[in-house]
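Below, each structure is written out as structure tokens.
Paired with subunit B in one complex and with subunit C in the other, subunit A is shared by the two complexes that follow.
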Partner chain A sequence: MAWYFLRRLLAAVPVLIGLSIVAFLLIHFVPGDPVAQMLGGKTTPAHVEMVRHQLGLDAPLWRQYLRFIWGVVHLNLGYSITLNLPVMHVLRNRGTATFWLLLYGVGVAVVISVPLAAWSAIKPDGWVDQGVRFLTTTAFAMPSFWLALVLALIFGLQLHWLPVTGYTPTFPGLFVSLTLPAITLGMSLVAVVIRTLRSTMIEVLSSEYIAAARARGLTERRILLRYGLRNSLGAMVTVIAADIGYLIGGTAVVETVFQIPGLGSLLVQSALQRDYTLVTALAFIAGVAVVVISLVTDFIYALLDPRVKLG
Partner chain B sequence: MVGPVSLDPLINTGGNGDNFANELIYQPLVRPDPFGSDALVPGIADRWTISPNGLEYSFHIRDNARWANGEPVTADDVKFSLDRFGNPKLNQFLPSMAIGYKATQVIDSHNVVVHLTQPVSAMLYNIGFWVGFIYPKKPVEQQGKAFFNKPIGSGPFMVENWTPGSSITFVRNPYYWETGKPYLDEVKYLYATDDNSRMLALRSGQVQAVDGVPFEQVDTFRSNPKVYLQFTKTPYFEDVSLNHRKPYFTDLNVRQALQYAIDKESINKEIFAGTGTIPNSCLPQLKYDGTNQQVQPYAYDLAKAKQLMSKSSYPSGFETTLQYPAGFAYYSKLALVLQSEWDQIGVNVRLIEEDQGTMTNKFWAEDYEMIFPFAQYTSDEAVPDEYGYLMFDPHGTDGFETHWHDPAIWTMFQQFAKGSEATRQQLWPQIQKAMLIASPTINIMDLPFIQAYANNVRNPWVNVLGASRLEHTWLA
Partner chain C sequence: MATLPMSPTLRRIRLSHLFRPANLSAAVGATILLVLVAAAVLAPLIARYPPNHIDILHALQPPSWAHPMGTDHVGRDVFSRVLYAIRLDIVVVLFVTYFPLPFGILIGTVAGYFGGPTDAVISRIVDVDIAFPFLVLVIAVVAIMGPGLSGAIVGIMVGGWAMYARLARGEMLVLREKQFMLATKAMGYSHSRSIIRHALPNLVRSSVVFSASDVVINLLVLAGLSYLGLGVQPPTPELGAIVASGQPYLLTAWWIATLPGLVLVIIGVAVSMAGDAVGDRWGGSSG
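On to the complex of A and B.
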């Protein structure tokens, strides 16, 4: 078991190195210049050169990369020129909003998906199953910026229940201001989770131990919840873990539309302003988050199901 | 718009998002008329005199000017702030505003003299907005950068709470010098960059005021009985820069043909909801501008445009490109209209939509043919001096990256830049006209800033730079 963990950890190292190179190079290959962007274009090239030098942006690329890696090893991700703050400080400030948004979004997805998937699985291809499939496919096809606006129109403009923009960092306002964003984000996950959970449940419900449970005279309700659902949840966790990268990407849109001061909207803004340090750090952190979450999922799986490590 | 990253006025990464917040907190010595004219009115200084040679400006700080902590505003504070303004290492965003600034001399606690190295007629305008804001010397020196997280100014409001990237809550400054003002106890700025969610916030009643109403939504708001619109005349224009390194754009006939081929009336109606003004200048609307009788705008005249093209060195036309900013519905429409209109005179335009970062870089490298260089850009001051230097100064930004130079206009402009008020009034329309005839760039439309307010908002005056201090505003 320990050998398996170690092997998985070691395998993550080249992934992280590759990730750091890609995160660093991508934004540098995009045309544009952070200083020119920051100063807004009404100064002289000589003045831009001076500021660029002040910020150490005139050093060769390989040296800037090494500086970045050296920083990562020392838990220092550099200094954001557009925000005028150390990146670690920015991550602490703005990471909270994204963390709550992701958690709330996943929560919404689970609360919607589990009952619908269970309901669909009882009678595959029955009218409930068809209806759920139609609704989830529709939801999946909606771009999140559009869904966000529709939700804002209904719950903000028509019903006046929830704010359409802005963020409150404290409870219970946090809950209120994140509700529409979390629904928008969660909906992008619902279709995938329902499809996976449904097919796993159908498989589970047709297995021999379910037949045995039926033969023992257990109620359908008990069979479904106790045996069917429980044995299918593993698949759901895997799907959510695998989609976490997708969700993190989704925060960029959702946070921008609802004006949540999180890391997603910050990534968009910093990419537009060519804040190299910040873009590199954010892309790297998002990548690391995906790697860590998939590692943890693997470990939990290995602990729960010893067959996994053989594979 | 994007919210500020620092409430240090000299750190201007968010553009107007920063300016409009700082406008509530700080004041300059003199400031634009809060009711929207292009005049200057007293700010922290209640009176000032200018020496006959134009090199010394003496300011008297009003006796009742106080910081939000109750301490008086002193001459030391003014000197400290203006010295920051004059230091290009600190004043990185608009160092050109400090042209001619030499030093500030403290006479006594209420009097300072600003010394210049050369006469600068626009001096009061150059210090009359955010670059020239005054802050208290002692706390800034003691706290350094941290001061600007919760700064103290002498404006009508002070910061109560700031969630970077999201919102700022301001409360009334009890020591504000205008007795009884401001009327509002609290103001909250929500930074909403997404046009649709910003407009929804007003329509749902979550907020009482929004700015940057998109042109596409003007008609929706016009017909909404719960809100009203305000159109503020500001130096905001949509301008196509032509790269004079391309041989066809050095041909005056071509440039004028491009002007005559644009149907600005219908562009105004179809794209800008009729909110624009047909320009009679290559620059935005500025103080001293001549009237339409003095300087006539280009009319839409396709026959004349074709005739000019046939007279040019390119009678059968040419191929070129137009770069425009991504992310704005109206730029795409505008670019398409221009493409089809110029196509009629044989100018075949390929459209390139690009994000701002890429465009800025290409603009600076003069790697473009035609370009809208910055999305929604404005002059930082109401007088022509800033743009004059950008466009005409042969030692500056290469004709604001157009590579266009006109020694005759530069000579006139130098007279203007150091001239008396009367000289300036007389010279500017001539410069404006000479420039419009030359058309080094093509100003498509002069536009207002558009704000929308809930019906119970009274007196939301906005100054000529588009900023409001909300000191006269109240809720019915």
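On to the complex of A and C.
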């Protein structure tokens, strides 16, 4: 088991190095002078040179990369010119909102998906299954910015049930202010989760131990929930972990629509204002988050399910 | 008996075959797509107003016979703008999906065919490309190239080829152990002949099936970028950009933001339905 963990960990190293190289090189692909663009129109050549030196962009490329890695190791991701703050400081301030949004979003996706998938797996190709399939197709094709506006229009502006914008950082309020954003984000995951869970459950429900359970006279309800659903949840966890990158990307749109001060809306702002230090840091962190989450899921999965091949 | 007359039961079976849910949804999807493509091609004939025709006196009009989707805050006919937007969205999305597709398949096939260090290098590059969340990577590319359509196009393609490479590599690993691939080696065919003439035709299918959901995702990303102000810039009509332009008037003029978004949903559903049908027939999953 320890050997398996170590090998998975080592396999992630080249990907992490690759992520750091790509993120580091981003600023060097900017057509023209990135420093002059970041500073905008009103600046002098002397000032540009000074900032270039401050950012270390006048050093040889390999030294710049080593400095970037050195910074990453020491949790220093540079300095944002547009915000006039260290990048780490900004990330720390804005990370919590995104964290709760992601967690809440996954929760919403699970709460919506599990009953619908179980219901449609009872009778494959029955009318419930057809209905759910149409629902997942629609959910898959729904732009989250549009769903956000429709939800805001109905539940915020018309019914006044939930706030439309803003974010309350403390607890009960946090739950309320993130409800519409989390539903929007969760819906983008619902289609894949339902499809995976449904097909796994159909497979499980046709296996021999289910037939044995039926022969013993257990109720259909018990068979579905205790045997079918339980043995399908692993597949659901895997598909959620595999699509976490899709969800992280989704925060950029959802946070912008609902004006939540998180990392996603920060990425959009920094792209619009061409703050390359921030874009680099955010892209790198998003990539690392995906790698780490998939590692952790694999580990938990291996611990919980002894059937996982460790070879 | 020269020809068997078609028995009533047989005819009924054929008719019911058409109305089997899977075939019905394929037919519905294909029909909607045809209508949308026709609308896009014929946009200049169907649209009653030029897409950027400003008419302040008739601003924020609700949907009516004259303006099926109402008018926006400067009196532009939303329906006409949507028609031109469908045109732009369909063309761009088909390009960003199907231009990188052959490159992705070829790169993945080469990796799977040669194995060893070639495979190791290509696979790591693919891993890194896929590890970045797609939308984050696209936004980063747009940040570099500057907001606009060209940044969005390059960004989506930079992220898009890798999934096809991973798919083709996985299939190639299985394929290269097959008799006919071993035979190409035994007969002394060149690598390029083995790959292009014998391996590739067997690998295209699963990528084409997968591409249907890729079209939907790319459409959402393009519209999303334009909504955020990072993609197609106003006043060029693009579905996501039109939604963004209507957002400030959500309460007073709901039609500007909601109806073009509904068109996006309809396009995506139709593509998925048609794609699922192709997937069912060809095998493989469409995601």
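In this text, the second predicted complex is superposed on the first by the 270 of 311 C-alpha atoms of A that agree within 3 Å, B and C clash if a C-alpha of one lies under 4 Å from a C-alpha of the other, contacts with A are read in each partner's own complex, and residues count from 1 in each chain.
FYI, a contact is a pair of C-beta atoms (placed from the backbone, for glycine too) under 8 Å apart; a residue touches a chain by one contact, two chains touch by 3 or more.
All values derive from a computational prediction rather than experimental measurement.
Look at A:G105: by the touch rule set out above, it reaches neither subunit B nor subunit C. Once chain A of one complex is fitted onto chain A of the other, the partner contacts of A:G186 are absent, as it touches neither subunit B nor subunit C. Once chain A of one complex is fitted onto chain A of the other, the partner contacts of A:A152 extend to both subunit B and subunit C. After overlaying the two complexes on the shared chain, residue contacts for A:F258 are found with subunit B alone; subunit C is out of touch.
Applying the stated contact rule after C-alpha superposition, one finds that A:I248 touches subunit C and leaves subunit B untouched.
Of the two partner chains placed by superposition, A:G228 touches none, neither subunit B nor subunit C. Judged by the touch definition given at the top, the superposed model places A:G78 against neither subunit B nor subunit C.
In the superposition on chain A, A:L272 makes contact with both subunit B and subunit C. In the superposition on chain A, A:N93 contacts subunit B only, with no contact to subunit C. Taken together, the two structures place residues 30-31, 149, 152-153, 157, 256, 271-272, 274 of subunit A in contact with subunit B in one case and with subunit C in the other.
The touching residues of subunit A, when paired with subunit B in their complex, are 30-33, 36-45, 47-48, 50-51, 54, 82-85, 93-94, 148-149, 152-153, 156-157, 160, 163-167, 169, 256-261, 265-266, 269, 271-274. Of all the residues in subunit C, the ones that touch subunit A in their complex are 21, 124-125, 127-128, 130-137, 139-140, 142-147, 213, 216, 220, 223-224, 227-230, 240, 243-244, 247, 250-251, 254, 257-258, 261-262, 264-265, 267-269, 271-273, 276, 287. Residues 2, 5-6, 11-13, 15, 88-89, 92-96, 145, 163-167, 190-194, 196-198, 200-201, 203-206, 355-358, 360-364, 373-374, 380, 386, 390, 396-397 of subunit B are the ones touching subunit A in the complex. The touching residues of subunit A, when paired with subunit C in their complex, are 14-15, 18-19, 22, 26-27, 29-31, 125, 130, 137-138, 140-146, 149-150, 152-153, 157, 192, 245-246, 248-250, 252-253, 256, 267-268, 270-272, 274, 276, 279-280, 282-283, 286-287, 290-291.
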